[in-house]
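Next, two complexes with chain A in common: one pairs it with chain B, the other with chain C.
After this line comes the complex of A and B, so read on.
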């Protein structure tokens, strides 16, 4: 029941926002996302109560598709991330002003509802339904409020992801037609017996679909431009949450369906290429935005690799990292948003020496970057350690490549800190056009992120506990 | 049966009214609507077993009525009702002297359609096709002063007549092989002869020609483009869908062994070439009406999947596809009526000037793309699912090819949405902003209902299919 509320509440608030005037939109959106956060909290406390955590009604009975939501470990963890991230992102977005705010926040809440649906759906058709629903509001958000080249870039993004989800549909339909009882229920999907050859075909269909979403090389070409051109709150959603949909689908809908299936070598090689390629490109970027985009791609590649290694330790590390990477990357984009707002640029050449004028921002940026690298005491250390450990016992050479990503990540992350906050302060940046001191609550949001990073770095046990649900 | 009789009676009466009510054209649409409502009532009653006219036997040598027939007739009538409500002002404007004739012709087309949904005999098939297409040739040229309309009419007539010849030839050959016009499995059992096979192939191709799918699609873009908007909407929705149903009836009436092994290969080729030609050509069209012509070719390609699958799911699927496709296309054409030229740039900034119109158009376009939450998703879903269940080693590659083309179709549908929402109209354009008329209140409310129906079907498609099993 509560899971259903998590979808309905943001939808309702989105509808209210569409109907209301521009004035109070922000507040309504904040309230909406806060209510969802509270519901997630309530769900966490009551996850054992089947009445509250489970919801099932008939949907299309002739197809054996039901509207079935169920709270399960990974889905619950992702729902926590979604609710938390959306609350903080919407709170933060007030710092950046957009015209026709009511539509902006309405569409954002629409995305939240879709994401909740994706993570709770226990029925393949329902899952696919929400999966596609998420990209429609994103399409409008990016095309209306995005940067200069937004229209072409967003169309590119949409066609890419739409094609990807069509592959997903093909695979789901194929599996559905082979289920023993012709049903879309998750349980019947896990009972499917496919021959090795069929499994391979299905795997590649799903791989293409999910690799576009994550993204993994060579299906990543939409990603850097989209991250760059989207309005920043949407970029946060894209990189922090939407990218996790692919990984989640891999764990929830791909692995349980394929039995006794060894990941094809090519998929693993693509993941490794993805990691190395993205890291190397991140090293050479002159734009902070693109650097973070590529860095995010490298991290996602590592998680995908961990999942494909089919090693239990690596998979639990990847699950954990899905949550932590979401937190880190959203925090990083927030800093970028603040920088862009104040200095109108994110190119390294135009920035530099900001540590003198922005000590607080520097502090947060360094913390978030260190978390991005995966330093001990920060949240991603735990996940990355487990992933590398698992991959190591799977194959030592692959582990070598995976480990390389950490070193590269440290290189470009520290490089970015150096280029932006140290060095010479340019004349122009001494007196930025908008001389705003960061509002107190923005600092508050960043403090929350810092605390989350440190807390889960030192004491990740609650996350593991949620994964056991 | 009732539907056929009432529609033809209505058409004959309408033809005569031109003598008496030449000046009072408002009454015409009222009368037409009345006939349509009668059609719905009596068709539904007949479906429940309440007959109005008593033919010797309902399942006679000429017609066969099943649940599906009644249901599909109702779908046709409802679509026709929506069509009239959306276009009644424009129907009167095309050729004010002959507005009664226009309505009469439309009802004749409907008569042909009802024949085609229920035929059980090659003669009634031929009659249906002719009663349906001959009025269409006239309608295509209704805008007498417009050269393009004349051209469309002539092209349509010449090519249509040619395809009718092929149809007749096929019927003759099949008659020669079996010695009967009746279309039931027992009769066509011994059509394994070459004569019968060629005959069937001829009929099949002639009907494909009437649908307008590749490689018989050449007439479609020119005819759709030249024909007045209101009639294009009619041809692209009701007529197209009905011929596909006629095709499906034809194939279903044949036994598997007389269809032959090559049947699936032919359909496969037709589907893939239709999708390819329709989608790739639609990508590069300069105006929306021509794009819609090609997109309707592509959509027909998806509907032909029912001919490939030939199972229960396909029957449900074609029903949903027909409804959703017709509703979406009617919505788009109702809005195209408001434009004089409808190039892509005419849609720039429509979301600002006409938000409601833009919203309706967006839903219709997304539905044609096949996005979840719109009926178009389930339409495509059923088709693809049916293809999977039909089995065979070509099922998976076929589905993947179809999906790739569905992805490509998103490009040109989104082009319109992009123009409406994300592009601002150039300040200097004086003609573009003037030519867009706002929607009338009636049109608004009808379109709102249609859009709600599209969305509703996107969540509960079974609301339609459950009627099949009553």
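After this line comes the complex of A and C, so read on.
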């Protein structure tokens, strides 16, 4: 029941927002996302209560598809991330102003509802329904409020996503037709018996579909430009949350369907290429936004690799990292948003020496970057440790290649810190157009992120506990 | 009680860090100084208390788990601390020397504005916290947290004066080179965890591992240690790290952090002792580094660079000690080195401060009378590091060289040559700075008060008498340190050596190394006593050495430039031209098709009729074919 509420509440608020005027839109959106955060909290406390955590009604009975939501470990963790991130993103977005903001926030809440559905759906058709539902508002958000090249970039993004969805649908229908009871229920999907050859075909169909979403090399070319051109709150949602849909689907809908199946080597190789390729490209980006985009791609590649290693430890690490990476990358985009607002640029050549005028931003950026490179006692260390250990148990050489990302990420991350905040301050940036100091509540949001990063870095036990729900 | 006290030792500097970090804009010099020094002082007092109250002769170390860190599946790693004789020794060095350097810093950094001043001390406290965690960690993961933590602090403090690009690059270099070692370290941890299911130090033993495993693990750990301790191949970051404030160089890049590699290997001596190949490699790396860095130290003109190369060289001796199974010798040298190298750096700091940040020794000279206390202390440190009896360095270096002789006499010869070089470059430095007449143009040079001088004097006392800690039995000593570390390191290694070669021979070795050191010292004093020769000529020899034997910018040429090229290739060619180009052509093709299809619907009815007829024909054709195919199967 609570799971259903998590979908309905943002939808209702989205509808209210569409109907209302521009004025109070921000506040309504903040309240909506806050209510969802509270519901997630309630769900965390009551995850054992089937009345509250489970919801099932008939949906399309002729196809044996039901509207079935269920709360389980990883889905719950992702729901926590979604609710938390949306609340903070929407709260933060008030710092940036958008035209027709009632539609902007409405669409954002629409995305939240879809994401909750994706993470709770216990029925394949329902899962696919929400999977598609998420994309529609994103498409509008990017093409209406995006940057200069938004039309071309969004078209690119849309074609990719559309293609991926086709593959996903084909694979799901194929599995459906082989279920013993011709049902879309998750349990029926896990009981499917497919020959090795069929499993191979299914694997590749799903791999392409999900690799586009995550993204994994070579299906990633939509990603850097989309992250760059989208309005920043949407970029936060894309990189922090939507990218996790692909990983989540791998764990929830791909691995349980395949039995006695070893990941094809090509998939593993693509993940490794993804990690190193993205890290190396990140080294020479002149734009902070693109650097973070490629960095994010490298991290996602590591998580995908961990999942494909099919090692239990690596998979727990990846699950943990899905949460932690979401937190870190959203935090990083917030700093970028603040920089862009104040200095109208995110290019390294136009920045530099800001440590002198922006000590607080420097502090937070350094902390978030250190979390990004997996320094111990930040949240992502635990996940990376478990992932790399699992991959190491799977294959030592692969672990070495995956581990190279630790060195490369340190190189580009420290480089970025240096180019933006250290060195000499240019005359132009001494007197930015918007000279005001950062508002207290913006600093508050950044403090919350810092505390999350440190808390889960020192004491990750709560996350492990949620994963075992 | 012990659990609480032990926890307080690292926790106090952490609290100091948090307090200073959060309220750095609101507090003044006095508060910042008191908080920063006070927390470390209390940690030192607690360390002393623990040292005197705990009985180290039991073979079971004190291990306290505070809370679960990573508990998943069959991995159970706790946040736990371990206190035994080895950690006790390091604890005292870190908090003791650390406290002196904190006090010294309050004057050294006084030129900074308050927020910067407080920031400096918050970083310094954070460093002490990380270093204590490194030493106290009861398993590899906690050690690794400290290991990366000290690397972070090193990065933050090297780049403390962030406006200078060169300093930032030095900081980045230090961090990234250390990360290479850290990756190797991490892989070793994985290997252990995979084979043993645990990474607690007390549970690690080579008996459950195959010899390949032991070899692989120790080699990976060794690469990790070379990063942190600036040994070949990961050493070039340390000279650049001198960009940081001088007290930082004293604390981090001389007395404590760089000895972390030595500590880690000593902590896992059981594992390393089971890998003879690795041990030999450690000895070779140590020797090679000791000589290589000593030669480079001969020609440096920046006072801090001389000391930096000297540190690398001395760390080489510690590695040599480890490699020849003289763990006690290595730890002993860590201790004495902490005393005299911290003293040298703080002395250098006093000089630099008095000369308004002049670091070139060619512009010094004749400071003997102007900075009397610094001069005496510096001289004592020079005598100690050169291995002149009865100063502390003599005893620790002698113990290592002694063990080296019984391991491999050729290694010993090289080691003694290195000791001669040490005495030479140290007294070159001493002469250029203190003797002759002043060659600079600063006026009113004088020492900056007792806060600067007191740590110097205390460290000078320790450098002079530190050898008493482990005086060998043949010199009527009682080898306290070896006895103290017995519970951790097992056998007293020197007794084994005694059995291997007679006492006369030991006297002989001692005499030779002493003669070599003293004669190099006198040679240096003679050469650099005349002011005219003080200005070194740039001959070919010197150019070769300054070029670091052709190793200058080695990593820049072999790693950095190819990496940049690769990055450019991937980003501009593969990504932009190839992948994005391909996607664009797909998009273009689809929009081309859509244009064509749109053109079909142009509203001309006759066209539509043609399409309709065509469609019907095609449909019939397919239907017909379908039946044919179907029939052919049935």
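Brief remarks on what is shown
By definition in this document, the second predicted complex is superposed on the first by the 469 of 469 C-alpha atoms of A that agree within 3 Å, B and C clash if a C-alpha of one lies under 4 Å from a C-alpha of the other, contacts with A are read in each partner's own complex, and residues count from 1 in each chain.
The rule we apply is simple: contacts are C-beta pairs under 8 Å (C-beta built on N, C-alpha and C of every residue); 3 or more make two chains touch, one makes a residue touch a chain.
Just so it is clear, the structure is predicted and the values come from calculations on it, not from any experiment.
Contacts of A:30 after superposition on the shared chain: neither chain B nor chain C is touched.
Of the two partner chains, chain B is the only one touched by A:132; chain C is not. Chain A is touched at more residues by one of its partners, and among chain B and chain C that partner is C. Once the two complexes are laid over each other on the shared chain, residue contacts for A:406 go to chain C alone; chain B is not touched. By the document's definition of touching, both partners, chain B and chain C, reach A:155. By the touch criterion defined above, A:173 reaches chain B but does not reach chain C.
Of the two partner chains, neither chain B nor chain C is touched by A:255. In the superposed model, A:448 lies in contact with neither chain B nor chain C.
On chain A, the surface touched by chain B in one complex and the surface touched by chain C in the other have residues 155, 159 in common.
Interface residues of chain C facing chain A in the complex, by the touch rule stated above, are 67-73, 75, 115, 141, 144-145, 148-149, 152, 155, 159, 162-165, 168-169, 171-172, 175-176, 179-180, 182-183, 186-187, 190-191, 193-194, 563-564, 566-568, 570-571, 574-575, 579-580, 583, 586-587, 590.
Here chain A touches chain C in the complex through residues 155-156, 159-160, 218, 221-222, 277, 280-281, 283-285, 312-313, 316, 353, 355-356, 359, 370, 375-377, 382, 385-386, 388-389, 392-393, 396, 399-400, 403-404, 406-407, 410-411, 414-415, 418, 421-424, 459-461, 464, going by the rule given at the top. Those residues of chain A lying in contact with chain B across their complex are 59-63, 128-129, 132-133, 136, 140, 143-144, 150-151, 155, 158-159, 162-163, 166-167, 169-170, 173-174, 176-177, 201, 205. By the touch rule above, chain B contacts chain A in their complex via residues 316, 366, 369, 371-373, 377, 381, 384-385, 388-389, 396, 399-400, 403-404, 406-407, 410-411, 414, 418, 421-423, 460-462, 465-466.
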